[in-house]
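Same chain, two partners: chain A is paired with chain B first, then with chain C.
And then the complex of A and B:
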């Protein structure tokens, strides 16, 4: 590909200007004025957004990081170096919260597979697919507090789910009071509450799928699993990647409401996530600088996950 | 190259900033100079507090007719988070409500000592200790908060027991529970420990039946021996009660407010450690069980040498922010919020046992009469003496003790370390 074709607009404009007739002075002035505007215009247009990001995002971020190197209580305002970070990584509760982040990442494939499977069934027009489409999306419009309250009732020790288990001869499960079960319960409810949005994304992905491929597969006698594996999954690879990324971000940043309502981080701190830990330290323990250190670590975790995702997407883009 | 320069500058800026200064503002910021005082609390929006606030406002208006008072009711579950943000910013209300104990003691840096302004109220009001740190009072008590053991007299009657003579020993108490459970199916205790609050109430309600009077006083004075046999007995009892099936099921996933109280009120449990003021108290129970069916008892004697008493402290109180421009004016508002008239209105509407012990409670039924009678011999609650950090840890460990993932000894070791730090 000729190099000249890939020059930016401003460069092309400058080259063209040099080739212009030298004696056309008024015209040159006019073009020169337009050229500098063209150079400045992008900067002017992005300036408000940059300003907002710098003032309301980056500057507070720097202040927060700075604040995490100061003390709380008696040492309020005093520089304490890395003391907060040392205490943070010696706190089993925070380490438990980080372990729960790993659990979330491990449970991610399930959170993606469920809306993927359901979208597939809707796309393949199972009986009642129009009804299911709206029913599946419904939880996405509920706030986490309402979802949490509903499931608190359903999953109570003497609640209806344990009642049903009792009817079939199974013992009651303390869904939210057993530390071996509670985290999975909350994640399960989170998946239920949020899969509707991923479902919509999957359905929009299906809209781009060539139906001829499906027809061809069926004509060749492919079974449903074979259709899913060899036609649908490859055809939706970009959509699946997108849902992976957005679901992961949602799981890492949007579970506070559910945790607050359903388990309060318990039992025994088994359902703490970094976000909840930050809130407890700031609000209940009155330790804002320590909470700032925890926030900084959470930010770094998100940064690593985010950069990994960006790298993953970029690589995928190149393959396409 | 440019990118490298940018990142170098950013890192240099961060390092230059690192460790410099706190977020706490130093400039005072309040409305008091403009003839306005702002009060933060979580009570004034309750219908039951309307008369109380009106009476306090009227009293203050008589003394300072040119000053407006604005009450801003915050949601309780967000209150200390919002207050923490205000304290860090050095801006916020002139007068603010606090729970007694760790919640105010952790924040006295933001408050004005009130002793010089409330000298005349010292004798009339009770419960000051919960708002004192290093010998200075940082809030005036509005209510008294304590942890009586309430029992359902109706269930006692159904089981053929005498509700006017509850057992005074642990073995007698559990034997009565067994009789009631056999006759009615009600569990011995309604437990709500989802937020880890259950253990606080248990510790304070049964502590005086386990610790010797000397151990009790030492604990309150800050000389806590977490390795002592009696302290271990408190936590061992917490575990044994659950292991013996005396608690309602699913305690770690049941909220104390208001699920566990609901279990008691619906007659599914015989006993509950409740409150004296706010909610989960005698007035709430009277409404559901009938005043004649609400019994109150002190802890049974669990170890020899213990002298059971009612555990209580100052419940809620109002303090003055150090950033207020006229602390004397704000302290005057606190005094108006603790007048006998205002507190009497609070008792009448909310059922709160108020800090002014001259307020008559004879019309409230036998339960509140019994509580008020026990105030004379009552002692500060054991859990209120602990820091917020140790309380929070105790809550988590109590859940782990119940599910068996932490031993009583292991929990005591962690609590001792937290208490000493």
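And then the complex of A and C:
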């Protein structure tokens, strides 16, 4: 039984009603004298999970923010106010990492449009759509380490891609060694590896689209671009919004493996992202408090970018 | 009609090319793994003349790959088992009972979903180090459980909320305690969701490199993905052996994908449509 099909929105309201019924149930039993062990059952069942999440996820978040205002090394543990942040924003490597975030935001529409277009074609049943669906999705299950390793071979200076370019008469490109190109190369590989995820999300969004609207548009003689603009985009606005936000979060938080394997931040620090910077300061430079400051900034960047996107998309959604 | 047919092919051709671009990198790697070093250097595009397994054997036996593989299996099995246990318990409790703070707990799980690992990794590793959990299997397992539990709880709660409460009530009338209802009704009935979420969690844990890198510093505890990155340095001049190592790390994932493709996609979209 597919999990996706079992989660219609209507299930949620049904669940809320049930929860009201359940509210009275435990109290009734407690009056009838069952043991407190039984009465506390829901709490007992939740407790281990809550403990793990609080201790290893939410508490570290507070700890980290607090930690970012202390010093490293000689000043270990001492309160240093905003010193770490001042140093952070004076570091060209970190500023470069933030500049790369701006590039990611600019490239984001491409990373969303590709799976969006492909999902549209698959939904409209181009020949072989079932095959495409499973082929496109498969890189999404590969580890960034595997993907990065494979592309290290493919993008080598004397590798297959440059060989292909040679065949069409173009000069070789130093994909990972040229500081103007490397960041785009890594983002390109990231998109290659993750567009299947977004594609599947788009397809599940299409499942909620009313086919009658498409038929109506077609019988009115709408062209494919018109159908996309006037039927599909408005109909899928929630899905598009979701894909925008998750793709952005993915770019900010799951490119570590690729950066680690493919460029190690190089050449000349041109492929740093905040998350990689945090790792270097923590793992290589042994400056945990400074790293905590960098990760706090990363969190704020994500929050700002995420909220800005939701706000922006909501506004454009209203215009339609 | 004729115009429509042409535009269909205009779409089909780039889609086929993209499918090729999706598959070819893996084919290239598998092909490279089947070549001798000499053949690879002379011509990296030609098909390997025969299925040679000696590179695979070298990659498996040398450089600790076998050991890393076992480490990965231990950690992934432990993490997935614990995730499914804790996730289904909490998911059942949060979907079928309303108690003081139950809404806040569900919201807390959702909020935890949006706290990325990079933001908490510094203090997390410190906490783990203070409690002696760094560089131990339980430590890495706990780190994975903490990382993927919010998502697991969320999906299990969504799934269990589709099971009518009448079933729970009936089981109670038959004399089950709440714990009995969980064990005898909810666990068996949750199998489809447990399988989907389990497969997805197994992929996440197997593929992770950042958490493993931080939590398992010593060589003997390395997981396979960290091992692959170290293979790269060792076999930089011997691409066929390196490609073999990559293939060894990819094969379990590809196998799972072949068998559970629909379930993975369903779990991804179940997490997405209401995330």
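Points to keep in mind about this one:
Assume the second predicted complex is superposed on the first by the 247 of 320 C-alpha atoms of A that agree within 3 Å, B and C clash if a C-alpha of one lies under 4 Å from a C-alpha of the other, contacts with A are read in each partner's own complex, and residues count from 1 in each chain.
Keep this in mind: a contact is a pair of C-beta atoms (placed from the backbone, for glycine too) under 8 Å apart; a residue touches a chain by one contact, two chains touch by 3 or more.
These figures come from a predicted structure and were not determined experimentally.
In the superposed model, A:102 lies in contact with neither chain B nor chain C. By the touch criterion defined above, A:67 reaches both chain B and chain C.
Judged by the touch definition given at the top, the superposed model places A:286 against chain B, while chain C stays out of reach. In the superposition on chain A, A:157 makes contact with chain B only, not with chain C.
Look at A:48: by the touch rule set out above, it reaches chain C but stays clear of chain B.
Using the contact criterion defined above for the overlaid structures, shared-chain residue A:212 touches neither chain B nor chain C, since it reaches no partner. Residue contacts after overlaying the shared chain place A:261 against chain C, while chain B stays out of touching range.
By the touch criterion defined above, A:197 lies against chain C but remains apart from chain B after alignment on the C-alpha atoms of chain A.
By the touch criterion defined above, A:299 lies against chain C but remains apart from chain B after alignment on the C-alpha atoms of chain A. Comparing chain B with chain C, more residues of chain A are touched by C.
Chain A residues 63, 67, 279, 282-283, 288 lie at the interface with chain B in one structure and with chain C in the other. Interface residues of chain B, counted against chain A in their complex, comprise 13-14, 17-24, 78, 80-81, 84, 87-88, 106-107, 109, 194-196, 249-254, 388-389, 392, 395-397, 399-400, 402-403, 405-406.
Within the complex formed with chain C, the chain A residues making contact are 1-7, 9, 11-12, 14-15, 18-23, 25-26, 38, 41-46, 48-50, 52-53, 55-61, 63-64, 67, 118, 121, 126-128, 131-132, 134-139, 141-146, 149-154, 159-160, 163, 192, 197, 200-201, 203-205, 224, 239, 242, 246, 249, 252-253, 256-257, 260-261, 274-275, 278-279, 282-283, 288, 291-292, 295-296, 298-299, 302.
Listing the residues of chain C that touch chain A in their complex gives 7-8, 11-12, 15-16, 18-19, 21-23, 25-26, 28-29, 32, 44-45, 86-87, 89-90, 92-99, 102, 105, 108-109, 111-112, 114-127, 142-143, 145-147, 149-150, 153, 155, 158-159, 161-162, 164-165, 169, 177-179, 182, 192-193, 196-197, 203, 206-210, 213-214, 225, 228-229, 232, 239, 242-243, 246, 249-250, 253-254, 256-257, 261-270, 272-275. Of all residues in chain A, only 62-63, 65-67, 69-70, 73, 76-81, 93, 155-158, 172, 174-179, 263-264, 266-269, 279-280, 282-286, 288-289 touch chain B in the complex they form.
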